[in-house]
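The structures come next, written out as structure tokens.
Consider the two complexes below, in which chain A is the common component and chain B and chain C are the respective partners.
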Partner chain A sequence: MSAIGALSKLLIKEIFRKKDFYVALILIGVILFYASSLNFYHVGNAVRYLMEIGLMLIYLFSVILTVSLAARQYPSEIQNRTCQVLLAKPLSRFEFVAGKFIGSFLAGAASFLIFYLIFLGVTWHKAETPQLFDMAAPSHGGALSWILAFQAAYLFLLNLWVIASMASGFSYYLTTSANVSISLVLYVLINTYGPGLNSVGAQHAVPVLFQIMAKIFYYFLPHFEFFDLRQRFIHAWEPVSGGLLLFLTAYALVYAFIFLILGWMKLEKTSL
Partner chain B sequence: MDSVIEIKDLVVSYRKKRALDGLSLSVKRGEIFGFLGPNGAGKSTMIKTLLGLIHPDEGWVRLGGLSPLDPQARVRVGFLPEEANYYRFLSPVELLSFYGEIFRLPVSVLKNRIEKLLSLVGLTEVRNKPIHTFSKGMAQKASLAQALINNPETLILDEPTAGLDPLARMDLRKILTDLKEEGKTLFFSSHELSEVELLCDSIAIIKSGKIIKSGSLHEVLEGDKDQNLERFFLKTVKGSGL
Partner chain C sequence: MSKRLPMLLPALFFLAAVLSYSIEKNFHKVEFSFNLDNSLYRILGSAKEAIGDTLFLKADAYLHGGVEGKSDSGEDLEKEGKIEEREHSASGLKTASDWIAQVNDRVKVHEHRHLAKTQQKEILPFIYWATELDPHNVEAVLTAAYWLDRHLGQTDSAVEVLAAGLRNNPGHWEIEQGLADIYFKRKKDAILGERFYAKAIEDVKDKEKDRHSLIELYYFLGESRLSLKKKSGALRAYQMALALYAANEENGLKVQIMEKIKELS
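Let's turn to the complex of A and B:
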């Protein structure tokens, strides 16, 4: 097994041996159980509304778990002095950065997939009509599609990939608490205002400086909202094209690479 | 004998203060080299530089002929830190597997080596217990096992007996003597002068980042009428005027 693989495995062990994951799992379980017991799942479109809330909570828990895990890796290695032993072995600093990032991503992804499977299981079980999930291509507002369920999960995994790389890269510059706060605030802000930045940049009524800043932010920041297929999945719209999935995969890879290089550049110059 | 560790005119500074100030030394293959000095003399900085954890400002370091900043230089090196800080949720078996994987050891080799090392340090019975349940002595044994996981040619030890009880210290001394007999090179910093006197072939005494005395133990003590390392060390460190 490669050194990066060994580091990743260590992080996955860590998350499944610490309480954070189980707290999130219990919370999601309780919320889904409560929602299903209200019998809303038998009321037409309320199903979709509840699914959206459930899915949003799963996304949120997974992002928080991934960010907190990625953000604390390097600071805790420094605090516990474990990185001195680790980097005294034949492990390059880039492998260290990459291993910590991949481990954080895999641990976050594993948690998300467990939550997501529970969510799909509860939704499928509680659906009024057995055809709520249908392998056939969905029509607007019709049956849910397994294809979209898969696409939504895949794109959210890419979302976790980018956010894990961002928190990982920032961890070489910031304390854990500052990193978690900044990463989560950026995540929420980009998701909320990211799509509007381009139109702000194009509005002549806005001062030129703001227009330029809006344009810079629009093209510079990673657009996490690109990876959110919740609406499309829940309201059973058309699946996205393979070309778009490929583009978004490349987009996520490029951003992760940039964040990791930033982290590596800092670590490479640091005396431990 | 060829040199395993070579250091020439090494300078390391922290915020303009020189922690190591033009330090040079050489450690020959198969010898036990003691690195002595009072607190704050620069021993740990020296060890970190030797392991590639700190970048030198001036001078150079060679570990097996390579710069320690090159991961390849650390393939046949083991490191025992002063404090046994590890991933406390792991058991000794998991910890050793993890470090073995970092060294890219094949699974079959790793499995055998873990068994051998657990037996050597006396942790076989607690092999699957998490390290956070261990006493300081037991954690130090796990630490020694991790330092030996790659069957190193050179072992770098930072205050290896600090905080150990006399029994654990005796066990460690026995292991280090056996390692020397196997032909391994040992470089260790210590405050325990009796330990150094018992084990070392050569020593260097450092103060304020400068070597004030170095050579074989015999050479260093030759001109001293007491021929006692502890008294010689105190006299040298106090009288160096640095």
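Let's turn to the complex of A and C:
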């Protein structure tokens, strides 16, 4: 366990040593502050557009940072010939795979939480009203709830958990650039078309091969759209139930386990 | 090659000078026709109209609590007097076919509700960008003016939006009608009201298709003239409005117009 922790710590340090995080942070900050300064037709305090832009940016950058970090871990260890040194220590191959994944997730999560705090601060400032955030469930009066702010963040952390495990698992099979591209394309495709894949698979006008592929994608790939609570958060709908949160936590854990097992199986077969 | 270079260089310079002159000349033409001063155009190119239209639909989704596809082409945005605090609609909800769809249904919201009065300002950024990106989207211009004037108490901003819309769409009668309505009904400026009603009537192209709008325009032209004590002009306008009705057509406005004519005759 301490070996996994030590590996993870290294990755958290790595993300804050690289320029990528700071570039994303500055970009998010500049766009958010600029967007919050906009005033439309002399009517102030419109915040939902700001939330839309802010959440889109921080979700996007958090995913990119996490995927790129997770995807380069194993290939860079191989390239720098440090993998053999690491595995010569009392560190099992599964601990190596788990350590790399947990480190990538924690680094991505730390970046996301920093972005998210900035986002909440800017939104709060723009709203200029103490009623913006409310401990209670949101009402149609417009107050947003801390519960939804928490739920949106928690579900996105689960999203990072799955995407980090996917990129981490793929890194034992693919080169860094191929892994980053495939992971991000799958992420975007599933997020965008995931819910509709089943109906594509049922359409007779679609070629059989595409029908089968759509069905496979629908049932076997993780549905990242499950973790996107932006619509509820931005438009002040009711929070999701605790039962659903528990289910989604289990869903994320299962998928992470599957991807890590895939990575571990490959590493086990590889002679270093 | 090195011997020919001194001869080639002046020729190349001459060619470059001719090219730069013709590029410069054509550049100004391009700048004029494509409005390069518009920074949005420079960034987005001709995609900006498509983005503008998408943002207009986004405003419609915002009106329905972020639920997309609740009305076609943002028509609800334009409907008057139909703003409810909250409205749930079971219709349109499909039964989830499998567990993945069931989870999606519980995460995403598909219910139907309209923005509360205090939250209606939230659609403004999207309408603003829609009109900025596609100034020829008259529907977006009219919608922006409608919400600003009727729901958000920003009548002056509505006038600004319509005036800009008219600059970008000269001779568009619906924008002129919007301006006339605001000047006459809200600002009680009968002079400008009369001017824009008259201009709108002049600019209606399809008199048969827009017959009911034309009747309304004539009626309010008469009203604005009446408030300016131009009785004969008002009578003419009412008579024009009445003439547009079919013989067997009966409605409240027709009765009102007939009473006005009787009064002024």
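The criterion applied here is as follows: the second predicted complex is superposed on the first by the 248 of 272 C-alpha atoms of A that agree within 3 Å, B and C clash if a C-alpha of one lies under 4 Å from a C-alpha of the other, contacts with A are read in each partner's own complex, and residues count from 1 in each chain.
Methods note: a residue touches a chain if its C-beta (ideal position, glycine included) is under 8 Å from a C-beta of that chain, and two chains touch if they have at least 3 such contacts.
Please read all numbers here as calculations on a predicted model, not as lab measurements.
J.: Once the structures are superposed on A, label A:5 by its partner contacts, choosing first (chain B), second (chain C), both or neither.
T.: first
J.: In the superposed arrangement, does A:240 touch chain B (first), chain C (second), both or neither?
T.: Only chain C is touched by A:240; chain B is not.
J.: A:72 contacts which: chain B (first), chain C (second), both, neither?
T.: In the superposed model, A:72 contacts neither chain B nor chain C.
J.: Which partner does A:17 reach: the first (chain B), the second (chain C), both, or neither?
T.: first
J.: For A:271, using the defined touch cut-off, is the partner it touches chain B, chain C, both, or neither? Pick first, second, both or neither.
T.: first
J.: Regarding the shared-chain residue A:80, is it in contact with chain B (first), chain C (second), both, or neither?
T.: first
J.: Between chain B and chain C, whom does A:48 touch in the aligned arrangement: first, second, both, or neither?
T.: Touch partner of A:48: chain C, not chain B.
J.: Chain A residues touched by both chain B and chain C?
T.: Touching chain B in the first complex and chain C in the second, no residue of chain A appears in both lists.
J.: What does chain A use to touch chain B in their complex?
T.: Going by the criterion above, the answer is residues 1-3, 5-7, 9-10, 13-14, 17-18, 80-82, 84-92, 269, 271-272.
J.: Along chain A, where are the residues that touch chain C in the complex?
T.: 38, 40-43, 45-49, 140-142, 195, 198, 218-219, 223, 225-226, 228-229, 231-232, 234-237, 240-241, 244, 247-248
J.: Within their complex, state which residues of chain C touch chain A.
T.: 62, 65-67, 85-86, 97-98, 100-101, 103-104, 106-109, 113, 116, 118-119, 121-122, 124-126, 128, 144, 148, 152, 154, 157, 160-161
J.: What residues of chain B sit close enough to touch chain A in their complex?
T.: Touch list, chain B to chain A: 48, 51-55, 71-72, 74-75, 77, 79, 81, 83, 85-87, 89-90, 94, 98-99, 101-104, 146, 150, 156.
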